[in-house]
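Chains: A, B, C and D, in written order; residue numbering restarts at 1 for each.
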Amino acid sequence: MSIRVTVWHEYQHELKEPAIAKVYPKGIHEAIAAHLRQNPQLEVTTATLDQPEHGLSEAVVKNTDMFIWWGHMAHDKVADAVVQRVYDRVLAGAGILVLHSGHFSKIFRKLMGTSCDLKWREYEHEREILWVARPGHPIVRDLDDHFILPHEEMYGEFFDIPEPECTFLISSFTGGEVFRSGCTWTRGAGRVVYFRPGHEAFPTYYDKNVLKVIENAVQWAAATPQPAKHTFGNRKWGWLDQK
Amino acid sequence: MSIRVTVWHEYQHELKEPAIAKVYPKGIHEAIAAHLRQNPQLEVTTATLDQPEHGLSEAVVKNTDMFIWWGHMAHDKVADAVVQRVYDRVLAGAGILVLHSGHFSKIFRKLMGTSCDLKWREYEHEREILWVARPGHPIVRDLDDHFILPHEEMYGEFFDIPEPECTFLISSFTGGEVFRSGCTWTRGAGRVVYFRPGHEAFPTYYDKNVLKVIENAVQWAAATPQPAKHTFGNRKWGWLDQK
Amino acid sequence: MSIRVTVWHEYQHELKEPAIAKVYPKGIHEAIAAHLRQNPQLEVTTATLDQPEHGLSEAVVKNTDMFIWWGHMAHDKVADAVVQRVYDRVLAGAGILVLHSGHFSKIFRKLMGTSCDLKWREYEHEREILWVARPGHPIVRDLDDHFILPHEEMYGEFFDIPEPECTFLISSFTGGEVFRSGCTWTRGAGRVVYFRPGHEAFPTYYDKNVLKVIENAVQWAAATPQPAKHTFGNRKWGWLDQK
Amino acid sequence: MSIRVTVWHEYQHELKEPAIAKVYPKGIHEAIAAHLRQNPQLEVTTATLDQPEHGLSEAVVKNTDMFIWWGHMAHDKVADAVVQRVYDRVLAGAGILVLHSGHFSKIFRKLMGTSCDLKWREYEHEREILWVARPGHPIVRDLDDHFILPHEEMYGEFFDIPEPECTFLISSFTGGEVFRSGCTWTRGAGRVVYFRPGHEAFPTYYDKNVLKVIENAVQWAAATPQPAKHTFGNRKWGWLDQK
């Protein structure tokens, strides 16, 4: 059974900054989607901020098993109603993978219940080393015990997130900072993954290890095989007899 | 050093329903505050929905180490700006104890990142038995290994919360339902506690075990001894040399 | 790719007590295995205490992706070397499902780091209601929001386990006790599941919901697709250059 | 009410290696104890491997609220019966702080349920930077958002521990490795803390930040104010009437 993936990207930097467009000519979303489309088990579509309803209509959201989310300069332009729609879908059992600067997106902060703030340092082209902190987890399948990105933006602790249920990657940077770069949480019947790398100025989304983690995360977080069965609300007395 | 406690209550049922006013003549907030005031380490004030800014002005929030929150019929009337103010204070290190129907309050849902929905059954005067699931935790100090409330509203699983960091009480009800009645989470530098009992129609907040848990929770969740030291934002290169 | 399952059972009660043999003529292990064998993705074998090395030779353990463990009266007769072998295999990435009185087994206590003690009451034929506390989790696939076992032994909290990473089922009993009946933990690269039901005197392992949880747990806990890649030990300076 | 602290140290390196004795003339245990004794709320004693019962007689263990544990070359010489005694005391509500190479001690591995293995590199005098990952936690009180140790042994991930309930410090090293250097878990009614720094060849236990974490950890982990009230074992029918 295939997994229906919607890669959402604000798609602003590429349209406004030639240097970024050079790195991702069709946008970050298409770079990610191009990789995922090679996996026959995934049905991949993309959606962007400038589309009607940001490309996340009720029909699209309802038919998505797995969201991928990249945003940065336009978090505030995402309509609250659309955020609520994605949020409700995740609680009902869909997965969501939030990338890099998406840490400050409305959807991630709403799911976390924290500020999701962090330290950062840009354009220093620092080396990031990502260490596997939970070998055997499906999300790190086919990775070595670490991998290196030669040029990345630094993100540093304290990262204001709830204690992760699983921290599968921890990074260090040239400057000596550390960061919980791969984390998972459960929200309702859905699974949330945060994965750090992906500054728009660097070709991070062409790195084979980064793409591998994204592909693994999609398969793991969307693995809920069917809608959750649960009821809420008022419950009649004598329920045992009513069965 | 004393703990500054603000007991917040929407205080609507007692003003509108004589049967409830009979149980809590001065309101649930004053019943709880009356108990806490016997503890010389606690500085206790109360605040209610109908007060200006719901009694939660910037000055009040800034000078609160521990919030207690009871709401039910008027969750939607709590201003978003006030919710944000309390939220920011919790992330900065204050504690918050959410009681009973407060599970659906804006502040609790914002801190949890989930719907906080549940099953329920009212006015059947069911017996609730609360079992200690983490003996030795400061929140269950002076409790036996269980206690009984003869008349309560039923709350049942699935309770849509993130996996608790600690589940210290689990309840069963006459109808056979179960509920995670005492749970804790960390959010930013602050601590969040949920404690289930407290239907407005029953004298639950005069029960010595219930009051004991509330008092323990205040002392545990507000135990952060000083503001958290942490920085966010852009970080200059060469920080090591700048020390 | 199939999952290699080894159902381990001490297989003592059935041989010594005619009343138990009547319920499980070929032993609990064969009742469970008979169900699992209907799933073509599972390669199922059984092993028992009285076999050489308890049926858990190095070859068997090495070729097991998922262990199921039932023990009760003979926990102390399980050789420490065999326990260590299973333990090492779990840390290396295999799954293990511990059933009912297996809570006191050497392997479960070794994996938990706690006493795993609990309250209990036997032969009262109590009704157990198991409530789903994490809808959407693969382990509760195809379950309703609760299910009922008409006759079971009571287990009650405090159950001395580390806080579960996921509590997927919580039970209540006729006597009003509650119990975390379905829990998961990660140990090394492996996954540990505890599932409560299964007193030897009752036909619990013929119940379709119980069998469904067991089958789901096998598929979830053994889902690690390949050996974990990680290294331990002394690490040479200049590792970056040595790649 | 004072906290009774027992600082346990294998005390072998200092007696056998003059270079180590030069750093810690009275042993690591006395360096730590000397600091803690300045806190009037702490009653501090020390115990070492070569003493009868390793200085951990039943009387000593029974009267300890908080253990500190340093071991390295002699883990295997610690008697299993003494380990069990300390273990039982922790489950009953005492705290334990395991330091540095104590990660491989019998007591820590028994409490964790994992191998506790890790990567390491010695005698390279690497710079360790420890970043606070949970500001506001009592264990990091009075720390800045990071601190630096100019010379330490490297420990690197994967560190084979169960997912911590709280990760309060994460380190990076000169070589680019990272490590979860401050972690907490609950076991029974007791609290377990692991704190990484402390190679015997370096004066780490004179560093004010390291000493501050140790002192904070003692006060936090031993904070259980009284023995846990809980019962195990067979429970009679009709318990409600027997009260």
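Everything that follows uses one rule, which is that contacts are C-beta pairs under 8 Å (C-beta built on N, C-alpha and C of every residue); 3 or more make two chains touch, one makes a residue touch a chain.
Remember, predicted model here, so these are calculated numbers, not experimental data.
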Could you find the chain whose CA centre sits the greatest distance from that of chain A?
-> D
Hey, which pair has more contacts between C-betas, A-B or A-D?
-> A-B
For the homomeric pair chain B and chain D, should the interface be classed as same or different, according to whether the shared residue numbers exceed half of all numbers used?
-> same
State, to the nearest whole Å, the distance from the C-alpha centre of chain A to the C-alpha centre of chain B.
-> 32
Approximately how many whole Å separate the CA-defined centres of chain A and chain D?
-> 36
Do you know which chain D residues sit against two or more other chains?
-> 132, 134-135, 145, 156, 158, 163, 165-166, 176-177, 186, 188, 230-231, 240
Contacts from chain D onto chain B in the complex sit at residues 92-93, 132, 134-138, 141-145, 148, 165-166, 186, 188-190, 223-231, 240
For chain B, which residues count as touching chain A in their complex?
-> 91, 110-115, 117-122, 124, 154, 156, 158, 160, 162-163, 165, 175-177, 185-188, 230-237, 239-240
Interface with chain C, chain B side, in the complex: residues 127, 129, 131-135, 145, 156-159, 163-167, 170-173, 176-178, 180
